[in-house]
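One chain, subunit A, appears in both complexes that follow, with subunit B as partner in the first and subunit C in the second.
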Partner chain A sequence: MAEECVVVKTAVQWYGVSPILSASPWMRQAFADLSELRQLKDNWDGYSSPAIESRVLEQAGRVLSALEVEDAPSLSISPVPGGGVQLEWQCAGRELEIEILPDCTLQFLAVFGGGMEEGVVPSPSIDVIRCLFEWLLEG
Partner chain B sequence: MARTDDPSIADEDALWRRILAHRGWIVRASNGGFRPSSVAFLDNLNGEVSVHVARLTTKDLVLADYPDQSLAEILAHVPRSLGHVVAFDKKPNDLSHAVICPPPQIPNKRRKRDAREMAERARWILLQPQS
Partner chain C sequence: MARTLPDFESPPVIETVLGVEFSPLARFSIPHFGMFWQTIRADYPNFSVQPPLDPQIEGAGDGKPPKGPGVLIRILGHPPVRCWFINAKNTELVQLQSDRFLFNWRKIVGTEAYPHYDDHTRPVFCREWERFCSFLRDNELGQPQVRQCEITYVNHLEKGQGWQSLADMASIFPCWSGRMTGSFLPVPEAVEIGSGYQLPGGSGRLRITIQPAIRHTDQKEVLQLTLAVRGKPASGNTQDILKWLDLGREWIVRGFTDFTSEAMHKLWRRTV
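Right, the complex of A and B next:
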């Protein structure tokens, strides 16, 4: 399939593709930001970080695709030293960080008021990701 | 081999960390200003976060090859208070180079939280203009 695609999923598994042209504006921007990270070369941070592997970027794309919302809070997508990617949202006093590690496992940090909750997302669990995002939006 | 904490780095020593000129690395702080993202204090290779002991270098030296990057500072007692080791890792061309190392058995529920804590307690030495 020649055109650029985003991954879509069922309730319990990632599968299939859909044209990115049908994605919401925030998601298109997010995929553009992810695409930029492909350009990072070894030592991109000046502290010897390796380039980010394609499979990590693809996993980040799967996480984003799991969020079936038209509008989303402002999203920051960051390269993580050592070869990961972090997705970071702030919304009305709540913050959510989802990190895709080099082995494609997911960790999250939820920040609220004076508290923080950290955990591992069973891979690949769409339900958990959606639940985290719903928590963020309820802020 | 696990590193051991280096007492020649005092708790009050300032540790400088370059902050990438990437929009995701500088985020809004709860006070309305900017702070480094927690990613600045994470490492997925061996967990060691590179820093520079401020009293042994200068802002210009640290940023010499990275003129577009910002520079943040935390005091050594911050990572130590979280159970991290602070140790010199001197390089031939940089005797100020040191590392912040997580505890050997850092639990999954601490890794990102500690990085976030360090990011929130960092202060800017140089914050490049944000677009």
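Right, the complex of A and C next:
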């Protein structure tokens, strides 16, 4: 199985980290919210969903780190049945959802006006993530 | 194996990297990533495609300050790709691009014991490097012209384990006093430190960096202490590469011990 992976740096290091100095307040809050998801146990939704694996949370952290903006629209982070994580932003009539699936692949849903577009984010995908976020902010 | 260098029962190291940088392999192209993967796939069943690393060649150790990245020119025709080949436990990784070969070990926090260099990471690196050279020979792709070796240790000092705020930095790192001339500035929001040290005989340079960061796997706040040595081995044969890595590793271990306080050594249960 191919492990999809968003890359936020070109370094020899494998462990993903976000430097505190470049982590804006919204990003710190987002990491705190992700940390809460770490506490979920198996069957957290009453429908046999597994706990969310560390690598899924790590992937979510990499997505967030790719968004190098000081101010971001309000972000909602929620667990997805099956062991995934969803990141959701709304901004001036536009809505962007990025879902990290249990196998760490990424899917997006962009909603605008009466339309919507969805797809899989290819790997390595930092540019795609940034393009989606720029689209959201232009709303 | 008897330890001669400083040793700790519970060191904060969470990742080690051993690697070789070489002149771009002229005939190595996209299909060869997959062909090489077939030779190691039983040990590294997962893969990921990454952007390539830029060259990071250290200066000759002539006393001049190290140069910054400057203008980078990537030779056209070489695939701008780096492949990761990952083991099933998600703890070991082979990184390959047309001018770089790296082996990473990482700790999955809370579950893995630290495998010592002599017992594990050195022999595994050696095995994978030999497999790679053998693959190149078998496919008439030329042999790597080694330009540099590198060894990196990444340590995570978790908040709450020996420090609570950056006001405690001085009790971790003796080189940092935290003292100011006046009283205007508050406790810093972040402290980043970078220092460099030449190895003897121009054989390389040790770089030490400290960076407060949030770790993605568990969103914990950590002080990331990275020690990286890069330099040129006597030749490109495997024995000289290993000899250089041994020197680099010695500088990392002794450098780490010098750079951190005795109070932290107690916390990490120093034994030698």
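In the analysis below, the second predicted complex is superposed on the first by the 119 of 139 C-alpha atoms of A that agree within 3 Å, B and C clash if a C-alpha of one lies under 4 Å from a C-alpha of the other, contacts with A are read in each partner's own complex, and residues count from 1 in each chain.
We take it that a contact is a pair of C-beta atoms (placed from the backbone, for glycine too) under 8 Å apart; a residue touches a chain by one contact, two chains touch by 3 or more.
As the structure is a computational prediction, the values presented were derived from the model and not from experiment.
Trainee: May I ask you to decide whether A:86 touches subunit B, subunit C, both, or neither, giving the answer as first, second, both or neither?
Mentor: Only subunit B is touched by A:86; subunit C is not.
Trainee: State whether A:109 touches subunit B only (first), subunit C only (second), both chains, or neither.
Mentor: first
Trainee: Which holds for A:23: it touches subunit B only (first), subunit C only (second), both, or neither?
Mentor: A:23: touches subunit C, not subunit B.
Trainee: Between subunit B (first) and subunit C (second), which, if any, makes contact with A:119: first, second, both or neither?
Mentor: The answer is first: A:119 touches subunit B but not subunit C.
Trainee: Name the contact category of A:57: first (subunit B only), second (subunit C only), both, or neither.
Mentor: The second partner, subunit C, only.
Trainee: Taking the contacts subunit A makes with subunit B in one complex and with subunit C in the other, which residues are shared?
Mentor: none
Trainee: Going by the contact rule set out above, which residues of subunit A touch subunit B in the complex?
Mentor: So the residues of subunit A touching subunit B come out as 33, 44-50, 76-84, 86, 88, 90, 97, 99, 101-102, 107-109, 111, 116, 118-120.
Trainee: List the residues on subunit B that touch subunit A in their complex, please.
Mentor: Within the complex, subunit B touches subunit A at residues 18, 20, 22-25, 27-28, 37-39, 42-46, 49-50, 65-66, 69, 108-113, 116.
Trainee: Provide the residue numbers of subunit C that touch subunit A in the complex, in ascending order.
Mentor: 14-15, 17, 19, 45-54, 82, 84, 86, 90, 93, 95, 102, 104, 106, 108, 150, 152, 154, 156, 189-190, 192, 211-222, 224, 226
Trainee: Would you tell me which residues of subunit A are touching subunit C in their complex?
Mentor: Spelled out, the residues of subunit A in touch with subunit C are 1-5, 7, 10-21, 23, 28, 31-32, 34-35, 38, 54-55, 57-58, 60-62, 65, 123-124.
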